[in-house]
Each structure stands twice: as C-alpha cells, then as structure tokens.
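For reference, the structure discussed in these notes is given below.
We call the chains A, B and C, going by the order they appear; numbering starts again at 1 in every chain.
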Amino acid sequence: MMAQYLLETKDLGISFGGLKAAQNVNLKIEKNQIYGLIGPNGAGKTTIFNLLTGVYRPTTGTFYLDGEELCGLPQDKINHRGIARTFQNIRLFNNMTVVRNVMVALHNQPAYPCTVWESLFRLPRHFKAEEEMRERAKELLRIFDLEEERNNLACNLPYGKQRKLEIARALATGPKLLLLDEPAAGMNPHETEDLEKTIRFIREHFDMTILLIEHDMKFVSGLCDKVTVLNFGTVLAEGDTRETLKNPEVIRAYIGG
Amino acid sequence: MKLNLKHIRWSHYLNYLVIGIFTLVMAIIALTGGHINNSMLFLLEKIAVSIILAVSLSLVVGFLGELSLGHAGFMCVGAYLGGKVAAVLEPSIGNGVGSLILGLVIGGAAAAVCGVVIGIPALRLRGDYLAIVTLAFGEIVKSIFQNTSDASFGGALGLETPRFDKQYLFIFAFLLVLLTLAAAQNFIRSKHGRAVTAIRDNEIAARACGINVTKYKLITFTLSAFFAGIAGVLYSFSNYTVQSAKFGYNYSIEILVMVVLGGMGSINGAIISAALITFLNTKLATVLTGDLAVLQNLLYALILIIIVVYNNAPALKSFRVRYNLHVFFDKVVRRGKDPSHRSDDRAKWDVVPTKIEMNEILSIDLKPQNLSGDKPTHDDSKGGKG
Amino acid sequence: MELFLSTLINGLSLGGIYAMIALGYTMVYGIAKMLNFAHGDIIMVGGYVIYVFMAFHNPLLAILIAVIFCVLLGMTIEKIAYKPLRGASPLAVLITAIGVSYLLQSLAQIIFGSANKVVTVYDFGSVTFLGVNVQISALVTLAITVVVMVALTLFVKCTRLGRAMIAVSEDKGAAQLMGINVDGIITITFAIGSALAALAGLFYLLKAPSISSTLGAMPGIKAFTAAVIGGIGSIPGAMLGGLLLGMVECISYKITAIAPYTDAIEFSILIIILLVRPTGFLGKKRREKV
C-alpha cells in the first residue's frame, strides 16, 4: 500500500511536567515537498524535530513515515527507517576528518555489511566495506564541494562548510525525509542563496523530501512549498507558503501583538 | 579483492614490527642460552601484562571517552580463574602451553562476561557515575575473592598458582601483546571503531546518524574487559600466588596513569608509557625501599595532574597548539605536507565536547532564548567547536 | 533489644560521619559539578593536623587550626588543580581529582610514615542507657552533624551568598551575567566542603584514636555513595544517605554470615541505587538538551 503522505503526524504532542511543549500537531508532508516549520522562538519547532527523531517519546499521538508507524522507536532505528536530521547548533564529530564524518553516517547502510568479527579478523568483507564506504563518502563530498577538504579535521572547517558537511552527513544515512534545523542560521545573504540552491539540488538529485525550520522569511517563502506555523506548541496556521505568511494571525504571532 | 601494496599504510603496522623484532631478539637470546636472568624475565612479563592492560583500558578511556576505575577488577577475575585452571590441570598435564591456552580462554571469557554483566546496566549512566560504578565493581570483586573458602580460591591469603613451567613465558606474553594490539587496532580502524569514536565526540549526533550507542559502548567495554582478563591470566602464570588485595583501586589508577601518560586515543602511546612506567616501577622499587616507596605514588600523582592540566586547560590552548609532539613530528618527519591533514587516531581532549552538562534541564525549546535566533548558537557553553 | 539499640546508636554515629563527608561532596558536586575525589583525603589531612597540634593539649585549638588548614588546602587545590580545567572535559577534571587524592595520600605518608599515629583528642566517656553502653562521642558526632546540616540549609536558602550558590549550580553562564562571581562562589564552596571534611576527620579520631594516610580514601568513596543515595546536590539528601549507609554498615557487621562482605554490600547498594534511581531519593532530574 502506498501511503498518501510521506510523513504524517497524528495529534503529536509532548508535555514536560505541566508545560505543553507541543500538542495536537498534525503535519502532512507529501513526497518530494520542501516543507517549512516556522514560528517564534520557543514555539516548539525543535521539539517537533526531537519527537520525529526519537529523542523524546511523545506523550500523545503518533507519526507515520511512508505509512509505517515509527513512534516509540529508539533514535538509531528511526534513522534506519529513513529520517535524518541536522542540528540547530552544529554537531559534528570534531576529532574526525571530514571524510570520516560522512563514513560514520554510512555505518548502517545495508550496502556495506561487515560484522565486528569480520573487522577484528580483517576478513575480506572488512576491506571491501571500508573501500566502498570511502568511495561513497567522497562522492557525497564531491556533491557538496567538500572533497578538497576531506582530510581536514571537521572542526577546522569554516562555518558554512560545517553546515554543508552536516547536511552531507545526514544524507549519507540514506533518509527518505531530511529534517534541517535552521540551516541558514548565521549565514550571510550570499551563503543563504547558495544554501537555497543546495537544498533544491538535494531535492532533485536525491529525490528527497525536506522538512526545515527557519527564521529567515525570505528564505522560507522562496523555498518552501508549504509551511506550518507553530505558536506555543500548537499549530497556528498551515498551507501554501505565500498565503500563510500573509495571514494576519501569523504576523501577529511573530510581532507579538 | 586485489591487495594493493601502495594502499597499505605501513606506519599503521610499525608498532607490530617493533614489538615483534624486540620479542624475536629477546627470544633468540633466551633460547640460545644467552644470559637473561630471572629478574629480567620477570620484568619482561610484567611489561607485557602492563601493555595489555593499558591498551585494553585505552579502548574505553581513550576511544569511548568513558572513565573506568575498575579495570583491575576484570584483571582480578581473569587472574583467579586462569590461576585456578592452571592449579587444577597441573597434576595431569603439567603447566605448559596447554593449560595457558585453556586458562586464557576461561579467564578471558569470565572477564568478558563480567564486562557484559556490569556494562549492560552501567553504561546507561553518565561519565562520573559510570566511573563510580566501575570503581564499586572492582571493590566488590576484590572483596568476594578475599572471602572465598581456602579450598576454592584461597581466601585472604590468595590462590597459589603454579608458575609456567618454562622460563621463557615472556615469549608467549609478547605474542599476547601482539594479539591484543591487533584486536584493538583492527577494532578501532574499522567502521565499528569509527562508530565508537563518534560516540565519544558527540553522542547525540552519533545517535542521529543511526549508531546504536548502547551496543557499541557494550562491545567496547566487553572487549576491554576480555583483554584485562587475559592480562590477569598472564599475571597468574607469571606469579606463584594471586592475591585479590593487589587488584584494588590503586592498581586501576596505575593503569589509568599509563593511559593518560600515553595520550588520549593513542594506542602506541599507551604501549610506550606502560612499558616505561613498569620499567621505572621495578627499578625504583630497588632504590626506594621502606617508607621511600611512597615517592613512587607521589610521582604518579604528579604525572596525572600535570599531564591532564597541561592537555586540557583552556588557558593553555594556544601554547599547546604551538608546542606539542605532533607539531614537532610534522616538522621533522612529514616536512612539506599540509599540517591540517590529520589522521583520526589521535584526539585532543579539548575538542571533545563535554558530554555532561548538569545545568541543562530540558530541551533548548523550553529555555527562554534571546530574540536574535538567527545568530549561530553552536559556540555556546558546550564547547562543541573547540 | 540491647543489640538493636547499640546497633542503632553505632549506626547513627557512623552515619553521622558519612553524612558529614557526604555534605561536603554534595555541596561541591552540586555547585562545581565535579566529583572531588580528593575530598576523602582532606579528612585524613584534618586528622593529621589535629594530631600534630594536640601537642599543645588543647583540643579546641587543634580543631580550629585543622579546620583553617583544611579550608586553605581545599582552596589551594581548587585554585591549582581544578580551576585551570574549568570548561574542559569532565573526564579530565575527574582524572585530576584522582591525581590530587593520590598526591595527598602519598605526601601524608612521606611526612608521617606508614605506621598509624595514635592521638586522643578528648575523652567524653560513656553513659549506660537502657542497659546499653553508649559512647558520648557518638552522640556528639550526631548532634554536630545535624546542626551543620541545618545551618547549611539555612545558609543556602536565606543568605545572599547561599542564593548565589544556587544560581551558580543552576546555570553558571546565567549566574555570571547576573553579576555573580562564579569563580569566587566555587572557591567558597570548596572552602566549606573542606571545613566539613576537617570536622569529619575529628569525628574519626573521636571514634577510634588512630590515623593513617589512607584514613579518608574508603570513607570518601562510601560517603559519595551516601550522597548519591540521598540524591546528589541535595543537603538533606546527603544527611539521609549518610545515616542510611551507616546503619547498613553496622547491621551488616552484626550479622556474622555477611560481615566480611560489608564493603561489597555497600557498593552493591550504590550500583543498584544508581541503576534504579540515579537521582537518589531527594535529587532532581536533569537531562541533556538536543
């Protein structure tokens, strides 16, 4: 059975103690969409990401990826099923070279089977997997224009490239849905433009569906097909990007009227 | 797959070569009747035991980034079981290679089982709590063996074990060192080892990359415990008694000193410092007798403090970047190569983000943020950027 | 009944010592967020200082000097070994603390030798109560611990300095922005912790008038257990944990079958508590942000 939506959340909600960080969130994201999740600070956007990636277990509701219920699975399992994310504050493996950062993310791909025993005894599959992982990682880095820096430590990259590397790493896990948490944060207009192109390219090239959090409204309206506006943990408005952004309630929520 | 000699990184195998040649030379001297006296043989065995211990602990401390203070406890399990195997088998098959191998299998397996048993619950805990649990484990093991009946494990007086029947136990000991080295290195330089270092560098990101953190912590912990057990078996074959009092907290610290001195995430460093400290220990023990013996502990303490502060103090960072062995190495050996190109094996502590931030209560969403949310927040107190 | 009463009193008095050490642990852990492994060894230092200054046969003077000495020592250790590592990996801080602990032990052994030193600080004598011989020193220990606990709680809750401490323990960065001298607060915390350790050293001497360089190591670790049981960072929790642990130890010693395993039992309790309820009885739950 083909699901109508790639990601569907049903009454997703979580509360910490008495505080309802998110409640009754119903997202419906179609395949190949670029979907924006916006809202003022503290609206619960990152919380939604954390729920979708299994960092938190929702107190109410559930969510489906491609018709499969993923709610309640641990983070690594959810990642295997096809949700990958980046972080608001970049989280790279700083002690590792760029190429190995990506190789870590290739770890669980079924294309590179190799058990611990095979590695310990250096059986042929170990070498095969290593070689292929390295090649695949280089390929991904080439796409993101990072191949030159592949042997640098990740922490030595400039900020924009760190962002790119984080996206490359997320893509390496082979997701169906990519969650980007404020990808344009801290970028200058030129870099933002570049990022916009990159995200479009990812959609075309990887046939990817993307859900992103962003504060830069120009960026969102130029890129997203649809948006959902969150405020105080609940959905304030949703629909076509341009129309939704004109919605007076949304504007009021942002300005704080 | 075709083996391409160009693709082999010879520098990765230099340590095998050095240890192998050293063993070979010593073995030839010993077997051709050259003069190696008993204390020298004993020293070699002790060095081998220390190297195995240090390499196995460095898997947990250096690569996984968790502190284990009960390493001597795993060794204790291995020593008692290996010694018992040897004692039981001695009347029938003597105390040769056969009982050594059986002892290694049983002792190593028992220690590994202990590693799993203590690891499954304990590895859920954060840094310092885990350290305390492992410490408690070491003390529990010690206390249990201390109170066994005389017939089973010898109680407080210790278990009498037959020494290996040949003088050249050290050859086997160094073969075991090579085995440990191979296992540790093969593990670390594989996708599994990469997963482990990823967990150390950023556990949250590692989870998000689909790494089963619990599984890899457990594998590393068990592997480390297994080799600690092997070291224990070796110890029991090289001595006449195994006394649990020896495997206390202090011994665990001694192993930790070796790992810290060798450098975080450096297997070769652990080997060198283990050999050096064991050698110094033995030599100092002849010089510093009686009350002076404590000077040795003073030395350890100072080494620990100075090295850790030097390697980690944020204030010393620029100094550290300018003057360190790696820079020296790059200048002398790898002249002309881009200094920013690095291999992954070594890690600097100050770029490892602090895993534990006690003052974080809930998610970032629930914290009042400043309005300029567009600014990069990666440079916050977590020190993620280093 | 007599056995019960004597075990109870012994347990409470031992528990009082553990509680005193655990208070120090909990203060330092709660505010500096570090496991001060050297805390137990400051007890030993306090004991030795009392031993040295008992040469003047004035217990109060000796105790006062011991407390002052330990406070200065604690502040010095913090300044030299821990302060440079603020902001570094917790693993590094922990290893340094272990190093400091080792350093104090070996220094004491170098200065005083490995043989035990014997000193009687003050003989309170004993009374017979319901047929049980009770050491008055045990009661004194308990009383002082309770007073110190109450005083600490009041201090933290009701004084400016105490509230600053809470602020630092909640969020160092925010506290700094609020104009609190974080480094100063942490130093003061170490000073208080060390003073408590000196008192614990006194209690040990009252209980058994003999002192060695490893006096503090085991009680230190056990008191950490107590602090964890009660919930680390919680002052009443430390008291509760200390008393519980003291009771367990005394009861275990009284039962012949398990007496040799007393240490193992205490550590097993630690492991179980950490696994079942890592926040202890009175601790707060915290989690890492993503």
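Rule of thumb we're sticking to: a contact is a pair of C-beta atoms (placed from the backbone, for glycine too) under 8 Å apart; a residue touches a chain by one contact, two chains touch by 3 or more.
Nothing here was measured: the structure is a model prediction, and the numbers come from that model.
A.B. asks: What is the identifier of the chain with the smallest separation between its Cα mean and the overall Cα mean?
C.D. replies: B
A.B. asks: Measuring centre to centre, with centres taken as mean CA positions, what chain is farthest from chain A?
C.D. replies: It is C.
A.B. asks: For chain B versus chain C, what separation do you get between their C-alpha means, in angstrom?
C.D. replies: Whole-Å distance between the two chain centres: 31.
A.B. asks: So what's the Cα centroid distance for chain A and chain C, whole Å?
C.D. replies: About 47 Å separates the centre of chain A from that of chain C.
A.B. asks: Need the CA-centroid distance for the pair chain A / chain B, whole Å please.
C.D. replies: Chain centroid spacing, chain A to chain B, equals 37 Å.
A.B. asks: At least two partner chains per residue is the criterion; list those residues in chain A.
C.D. replies: 46, 50, 55, 87
A.B. asks: Show the residues in chain C shared as contacts by 2 or more other chains, in ascending order.
C.D. replies: Residues 290 of chain C each touch two or more of the other chains.
A.B. asks: Among the residues of chain B, which are close enough to touch at least two other chains?
C.D. replies: Each of 204, 352, 362-364, 367 in chain B touches at least two other chains.
A.B. asks: Can you list the residues on chain B that touch chain C in the complex?
C.D. replies: Residue positions touching the partner: 61, 65-67, 69, 121-122, 124-125, 127-129, 131-133, 135-137, 139-140, 143-144, 146-147, 204, 249, 253, 256, 260, 291, 294-295, 297-298, 300-305, 308-309, 311-316, 349-350, 352, 354-364, 367, 381, 383.
A.B. asks: So in the complex, the part of chain A that touches chain B is made up of which residues?
C.D. replies: 16, 19, 21, 41-47, 50, 53, 55-56, 74-76, 79-80, 84-85, 87-97, 100, 103-108, 112, 114, 116, 119-122, 124, 126-131, 133, 151-153, 155-156, 159, 162, 169-170, 172-173, 182, 184-186, 215-216
A.B. asks: Within their complex, state which residues of chain C touch chain B.
C.D. replies: By the definition above, chain C touches chain B via 33-35, 81, 84-92, 94-96, 98-103, 105-107, 109-110, 113-114, 169-173, 217, 221, 224-225, 228, 260-261, 263-264, 267-268, 270-271, 274-275, 278, 286-290.
A.B. asks: Please name which positions on chain B make contact with chain A in the complex.
C.D. replies: Chain B reaches chain A through residues 1, 183, 186-187, 190-195, 197-198, 200-202, 204-213, 219, 265, 340-344, 347-348, 351-353, 362-369, 371, 373-378, 380, 382, 384-386.
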